[in-house]
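See the structures that follow.
Here come two complexes built around subunit A, the first alongside subunit B, the second alongside subunit C.
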Partner chain A sequence: MKSKKFSLSDLSQYMVIISVVLVFLVFTVLNPSFVSAYSLQNLMVEISPLILLACGLSFIIFTGGIDLGAGAMVSATCVISGLYVSQFGNGIIPIMLVIGAVLGLLNGCIVAKLKIPSFIVTLCTQNLWAFIALTLCPNGSVAVDLSFRKEIGWMTSKLAGIPIIFFFALVSIAVLFIFQQYTSSGRAIFAVGANIRATRLAGIDTDKVQIMAFVVSGACSALAGALYAYKQKSAVPTIGDALTLSAIASIALGGTSMAGGRGSVLRTAIGVVTITAITSGLNMMGIDPLWKNIIIGVILIVAVYLNSDTKGRDIIVK
Partner chain B sequence: MNEVLFETKGVGKTYGSNTVLHDIDMQIHSGEVIGLIGENGAGKSTLMKMISGVDTPSMGEMFYMGKPYVATSIINANHQGIGMVFQEQSLVANLTISQNIYLGREKKYSKAGLVNWAKMNKDAKKALERVDLSVDPGKKVRDIDMATREMVEIAKVLDVVTEVADGHAIILLDEPTTVLSDDEIQQMYVQIQKMKEAGNGIVFISHHLDEILAITDTIYVFKDGEETAVFPTAEANLDVLYEKMVGRSTTGEFYVENKQTVHSDKIALEVEDLSLFGTFNHVSFKLHEGEVLGLAGLDGSGTEEVCACLVGQAAPTAGKIFVDGQEMKFTNSYQARRNGILSVPKDRRDEGMIGILSIEDNITISSWEHLKSNGLLSGKKIRSTAEKWIKEAAIKCTGPKARIAQLSGGNAQKVIFARALESNCKVLILNHPTRGVDVGAKQEIYRLVREMTEAGHAIIVIGDTLDECLGLASNVIIFRDGLISGSFDCPVSGKPSQQEVVHFMM
Partner chain C sequence: MNNKRRGLLETLTVGQQFVARAEDNARMDKIRRYAPLILLVIMTAIGGISQKNFFSWANIVNIMFQMSIPLVISVGLSYVLLLGSIDLSIEGNMGFAGSLVAFLVINNSNSNNFGIFGIIVVILIGVAVGALVGFLHTKAKIASFIVTYAMGCIMTGAAILIYRGTPIQVKDPMFVTISQGRLFGIPYITLISFAVFIIGAIIMNYTAFGRAVFAIGDNEAAAASTGINITRTKIKVFALCGCTAAIAGVLQCMRLKLGQSDLGLNQMFPVVTAIVLGGGSVSGGKGGALQSFVGVLIYTELANWLTLMGVDTNVKKVIQGIIIIIAVTLTVEHNRKTVVK
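Then we have the complex of A and B:
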């Protein structure tokens, strides 16, 4: 029994690598065109916005919190981007960054200053984001004006065979990794997740750190929303409906503890690749898309189970 | 001597290639209290874990009542008649006392899935009476004080093991007195005596050697995972015990008094007429650079709350705090730290250690601002700072990347001290700096305190014992019921006696 537990906790460390390799192997065997240049390019386009969303959300989870409204925020920002890109041109991207940061700030302030659990706060505020999306686009998706398609086409065009949107994701990962590893706020985010009381007494402004995590996550979600608008060339008010689940599943699959304190955006990014590969692989095999979220849900539960195993054991031993 | 209840023969434990316990032979006789002492990390808890079923030995054999003994879990050990009272309390705060006592054993009281609470409470009352507790078993654990909780815990273990092994049970007590006052410790002794007279075998772990000398029959000394000495308590005295544990005897040198500095005239911190409604009033003092100011007082006398105000954990209702001559108001510990005040908290596990983070993060968390290059944190600087302190404070660990949770109590405390020292804060508040720390680590910590003052830090100490407070302090002020009742100069040549000081405490 004990040795089995050990192997399980070891497994959760390498789970993300094992699973990404496994997924690619299985789908390639089932369908060799899974690793064709065309489908890999597709995969890159597919994962890029989700990487932004999930990597940003990771920081909230590092603090031990959660944002249940991450997907709704993507819907809202996708709609705003899609509708107003014709007005602001590509300037919409920095604008979305600011909007996302402000939305995150709102969440963060309520969580940190009023000391309300983040799942409650975001459960409530997500309705606001959904409201924005659905009021601006009451009749479903609105395509970006044809005359404007050219101006936003660059995002999905390719540079040396690689979609530009993917470079966007890579740069974001790099920036977020630097934030996580080489800024005091970034490192303090983990400390807050590990033991907020001790962190506070060590002289860290834990309120600021918590808010920072929400601001970063908000900005990333909004950027993800903009990327979806560019990718779909439309304002889609329902785009984010299933994204919270996919993002959290990616984070968990990456080995990040839902209790906070440990994890990495790099792991999350690989988690996104795995999750997206699974869904697009299933698509290519012609499986009913209705199964998608059920499968992701199962993955999330298994991943969290594997991650939490070591923690549970710690508590029992002490 | 009475019959042997429990015996270990050549028991040892290895984790990978690391041997933490080696070749332990121990005999627990009926009606015997064994004192187990040793520095943190000496292997005491490891042995207890193996006997209580938390862990299994890697080598050697154990016998209970003459038969080979194997315990697969705590509950399994309980069913055989062996129970342990853990160092960190294991009661569930949200449940009632009786629910805690019968946790996992409710079956006895349930019929068709419904629990007969009244019957359970009645039995719980009996279990509590065995340890002379008259508290209502229907009370929630969170509503009773720490000392009562400790006794409830003992009542629980006693009830479990005597159910199956009355008169020949083994009861393991891992530092049961840490949270108790002197009176409560006396009551604990009475209970231990009772268990002993019933014929049970008891193992008692404590860092307080006077307790070991007072209550035990036989003393086992562990050092670095080995049994270095076994002798009847009647033949032991403090000096011998210290010597066997650390290989050096402690005298007046203990508090490194020869390095006590005479403080400068420069005032680092001044508190003027500070009050916190309901806890302390009219507290004024000056703290100089190079000074160690001891705050002495009984629990609840206000010393800890004064310190809480100084680091922004509580807002004083009146009075002023001056740092370097400037008036300050702190709303959180971040502001306090930025203005040069940091504390080493009392509760190491909950307030000090950031458990799942690395040692290097734990050491540098309060000084990340100074460890940057080109505006970004430098991994190299963080690493070298951590390595510097690991060497300087003799922190026993596998490396700066190891988790602090893996360290023994004394080593973890040294990490927290390294954090305070590295923070560049002028004023350091040491709240029970050696709580639950072994003798060797204590000395290291006292040495660090002296180094702090030599470097010009100003220090406030709430001692873990009065002896420690007086030993470290160059000045001491005494609190009684929220007011300053007296003060003493404590120069190396003329420290006040504990009796003199206690007089002002109560």
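Then we have the complex of A and C:
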């Protein structure tokens, strides 16, 4: 019995590598054009914004919280950047970072200061983000003005065959990885997730750490929203609807524990690659895209199960 | 006032201090118990002032009709919130139940005609899905919001797969009768929903299972040590919630005579708002069937009034969110040793 559980938690550590290799192998065998240059370039463009979203969201999950409104925040920020990019030019990207940080700050303050579970708070605030998106764009997507297309085209153009948007994602992963690994705030986020009371007793301001996680996640979500606006070249008020599920599933697949305290943004990034490869692979095989949510939902449950700490008998899970 | 009390407390003996504190708690409990009723009176007064025929029989029937589907959902969700868990799969469950029942009875897309058996099968599937959620939640120790969120997405996907893009129109005469029929001027759907509510309330208040749910929500460790089977009770609760979600989906399908996944869209969040308004707590142990009823009534009157004022749907959802956060802030117990994550 004991040895079985040990192997299970071992498996969760290697799950992400195994699954990404397996997914690429299976789809390449089924359809050799899956690893063609064109399809890989497409995959890179596809994963970049989702990597930002999922890696940012990881920090909230490291603290043991969750943000069910991450997708809605992407919608809101995608709409804002799509509508105002023609006024601010490429300066919209730093502006979105600030806006995202402020939105995250709002979430974080409610969670940390009012002591309300994060899933309740984000369930409520996601309506606010959806409201922003749908109020600014009441009649569906609005395309960025044609005369302005050239100025935002650089994001999806290619440098040495690799889309620039992908470099953008790589730099973000590097920054977030350094934040997670080598800064005291980054380490504190894991400490809060592992044992909040012990962390508080160790003299760390846990409220500040929780708020910090939400601010980082908000900034990343907003950046993801801006990237979607650049990628789609329009403001899409519903773009984030399906993204929360994909992001959480990617994080879980990466071996990050939903209870907090364990995980890494690198693993999350590989999880995003796996999830996106599965959906685009199924697409290429001509399978009904309606299956996508079902498959990702099942992956989420299985991955969370493998990561969950079932060894602690007296843990109360609500 | 508070400082004065504290000064007074210091001069008392331990026993007297304990009594004073217990009285304080009792006073807070009383306020919490009567706040929803006061809110109900205020909302009714606002309704009476802003609407001319508010107290007419027709309007009362109308309000009862509007609250019928939220009431059915609230029956199951009350149990889940009493545990301190949440069920985010309700919307998916409802959409799936509505789509499947439209598929099974007489409709415009196939020649199925299972009639009442179709409804029974759909409700049984709802129970099975709820039980599966409960099983995953308790046995695999996955937090309820994750497992129900994933299950909700799966069920929504499955619902769309049933009808593949074109929502199914229901032609079954039984559905037409139920959706249009009235008894003493009250629509059948309202009567069914009130019956479901009464059954739910009886189970909650007069069975060992119902009392066990309260005990677990209040203090899970203590409940376990008194011999309550936590796992089995929780699985039953989620199965019950799946059951009421399926019933709500079928009723919604009867009302609209259309089977699609959107039947469940935006149905869960108002009910959470309503339960919290009625004095339920998201951290468990507080609330009950009657409180949920009062909450749903307050919410329906509030929604009516907002519609009358011409408030946009998206703004309404923001208002719901603010209400939940305020209500939870007021009812959350800071002295309780809970970890907020």
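Before moving on, here are some points about what is shown:
Quick note on the criterion: the second predicted complex is superposed on the first by the 305 of 318 C-alpha atoms of A that agree within 3 Å, B and C clash if a C-alpha of one lies under 4 Å from a C-alpha of the other, contacts with A are read in each partner's own complex, and residues count from 1 in each chain.
Here is the rule we go by: a residue touches a chain if its C-beta (ideal position, glycine included) is under 8 Å from a C-beta of that chain, and two chains touch if they have at least 3 such contacts.
Given the structure is predicted, the values throughout are model-derived calculations rather than measurements.
When both complexes are superposed on subunit A, subunit B and subunit C end up clashing with one another. Taking subunit A as the reference, the larger set of touched residues comes from C, when subunit B and subunit C are compared.
In the superposition on chain A, contact of A:261 is made with subunit B only, not with subunit C.
Touch criterion not met for A:56: it reaches neither subunit B nor subunit C. Shared-chain residue A:296: touches subunit C; no touch with subunit B. Legend: residue contacts after superposition of the two complexes on their common chain; A:197 is shown touching both subunit B and subunit C. Shared-chain residue A:187: touches subunit B; no touch with subunit C. Look at A:237: by the touch rule set out above, it reaches neither subunit B nor subunit C.
Subunit C is struck by only one stretch of subunit B after the chain A overlay, and of the options 26-34, 44-52, 98-106 or 206-214 that stretch is 98-106. According to the touch criterion, the shared surface of subunit A, contacted by subunit B in one complex and subunit C in the other, consists of residues 197, 314, 317-318. Interface of subunit A with subunit B (complex): residues 2, 178, 181-184, 187-188, 190-191, 194-195, 197-208, 261-262, 314, 317-318.
Subunit B meets subunit A in the complex at residues 49, 54-56, 88, 311, 313, 332-334, 336-338, 342-343, 345, 350-357, 361, 365-366, 368-369, 372, 376-379, 405, 419, 423, 425. Contact residues on subunit C toward subunit A in their complex (touch as defined above): 83-86, 88, 136-138, 140-147, 149-151, 153-154, 156-158, 160-161, 164, 220-221, 269, 272, 282-284, 314-315, 317-318, 320-322, 324-325, 328-329, 332, 334, 339-341. Remark: subunit A residues 63-66, 68, 110-111, 114-121, 123-128, 130-131, 134-135, 196-197, 245, 248-249, 252, 258-260, 288, 290-294, 296-298, 300-301, 304-305, 308-310, 314-318 touch subunit C in the complex.
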